[in-house]
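In what comes next, chain A is part of two complexes: it sits with chain B in the first one and with chain C in the second one.
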Partner chain A sequence: MNVGIVIVSHSADIARGTVDMVRQMVGDNVPLAWCGGNPEGGLGTNVEAILKAIDLAWSEVGVAILVDLGGAETNSEMAIELLPDDRRNKVVVCNAPIVEGAILAATEASGGASLDDVRRTAEELSPS
Partner chain B sequence: MMPLTELGLRAMIGTVAKRVIEHTEQLTALDAAIGDGDHGINMKRGVEAVLADIDGLSTKSLSESLKAIGLILVMKVGGASGPLYGTLLMAFGRELCDAPDRAAVTKAFGAAVQAVKARGKSDTGAKTMLDVLVPVLQTLETGGDELAARVRTKAEQSAAATAPMKATRGRASFLGDRSIGHVDPGARSSALMIGAVCDVLEERREP
Partner chain C sequence: MRNETAQINGEVRMTHETGLHARPSVKLTKLAKTFSSTIHLAVAQEGPWVDAKSIAKVMATKAPQNTTLYFRAAGSDAVEAVRAMIALVEHDFADGNGTASAD
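And now, the complex of A and B:
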């Protein structure tokens, strides 16, 4: 079983496009879900959609979330807090660029890496 | 402070929501200047969802009602303000007993403001809602007469005082120096809602 990946962008197009790139470059053996945009069809992120995406990409070995700007991170952290007790400590937000981070995280995940390793790999891209 | 009756809670929720809805365009205009221009519509969406459930929310205890309102805001507002306001109210509700005196309200609000700092990884001086919430907390801690009126004034003044600040958190921080000269939309919406709460407390004259 592989770690799942969730893409949270303010833009539905960016989130969907990132998932397309991961599918094409990494393949189909990583649970993958995305969310992006507000209910009016504009830009934004929201907790409800993030919770649904986590559910879709759920894996017992964990889920790594890739985010774009501020609100995406704040909303993702809030969503994690609202998860049931048995899931909360199996979901992390990666501090990494969304597209590159998603591809690296998914590549690592597809080889059966642990959640910690998936996050660490994605975060190698971040300036410390 | 007496326990809020069902009518009191309903007046509180209704007045705060109405105040936000009336200022949708103002909040959006402030956000368009230094953010992404969705604060008004996001807040409106949130408080409308709260109003839709006002019957259920106003029959709960104060603590349970605040937690439930916080969760609605988390789910419906979006942006960064959804989780921030949601965290404020959920933590406030969690810390509050059902018949709090002034000291208990102040203590619970202090814990709620602390939770917002943690959620936003921020503090005062970054041109955010904390530049209203923290001064309001300090006014509550000082106590004294005419507290509702002084809290409202402090909230208004503090929101206005975000104009000359340079944003270092949130979307406006991308603008750097160009964020200077605009009131922060989150500070403004905080002052609006706190002002509405003060209005209801004054009208009801709950000692």
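And now, the complex of A and C:
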């Protein structure tokens, strides 16, 4: 069982496109879900959509979330707070660029790595 | 009789036109992860050697077309590992494991 990946962007196009890139480059053996944009077709993120995406990408070994800016991060953190007790400690937000981090995280996850290793790999690109 | 601690070496010229860019790096890393041996990669015989199972490090080599890639592996499946890495590069990263390569 592999760690799942959730993409949270303000833009539905960026989130969907990032997931497409991961599927094409890494393959289908990592649970993947995305959310982004508001119901009117504009930009935005919201906690409910993030919770739904976490559910879709759920894996017992954990879920790593990649976010773009500001609200994507705070709403993801809020979504994690709202998870049931047995799931809350299995979801992390990665401090990594959304597209590059998603590819790196998924590559690591596809080999059966732990959630900690997946996050560490995604964050290898971040300036230290 | 194979010495299980012996280091296995191999080298191959990379003809793939984009070099070790994103997609080839992902395939190489994914393949490396299927072996239990440690596998290292370098773009020069004297190194520096990077962990072939680390996607960030493999991508960071930015090895262009016609680079000779050097592999070394140690562990119980080191021979198979080096053989598989070389085959992947020789075949232009065409048949990685488990990727949707319909392009």
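Brief remarks on what is shown
Going forward, the second predicted complex is superposed on the first by the 128 of 128 C-alpha atoms of A that agree within 3 Å, B and C clash if a C-alpha of one lies under 4 Å from a C-alpha of the other, contacts with A are read in each partner's own complex, and residues count from 1 in each chain.
To be clear about the criterion, contacts are C-beta pairs under 8 Å (C-beta built on N, C-alpha and C of every residue); 3 or more make two chains touch, one makes a residue touch a chain.
Quantities reported herein were computed from a predicted structural model and do not represent experimental measurements.
When both complexes are overlaid on chain A, chain B and chain C end up sitting side by side without clashing. By the touch criterion stated above, A:R23 is placed in contact with chain C alone, chain B being left untouched. When the shared chain is aligned, chain C comes close enough to touch A:T121, but chain B does not.
In the overlay built on the shared chain, the residue A:G44 is in contact with chain B alone; chain C does not reach it. Of the two partner chains placed around the shared chain by superposition, chain C is the only one that A:E108 touches, whereas chain B remains out of contact.
In the superposed model, A:T74 lies in contact with chain B only, and not with chain C.
Looking at the shared chain after the overlay, A:D85 reaches neither chain B nor chain C. After superposition on chain A, the vertex angle at the CA centre of chain A, spanning the CA centres of chain B and chain C, is 150 degrees to the nearest 10.
Between chain B and chain C in the chain A overlay, the least Cα distance found is 28 Å. Common to the chain B-facing and chain C-facing surfaces of chain A is no residue whatsoever. Residues 22-23, 26, 29-30, 33-34, 53-57, 98-100, 103 of chain C are the ones touching chain A in the complex.
Chain A contributes residues 10, 38-40, 42-48, 69-71, 74-75, 77-78, 82 to its touches with chain B in the complex. On the side of chain A, the complex with chain C involves touching residues 23-29, 103-104, 107-108, 110-112, 121, 124-125. By the touch rule above, chain B contacts chain A in their complex via residues 36, 38, 41-42, 45, 71, 74-80, 82-84, 86-87, 119-120, 169-171.
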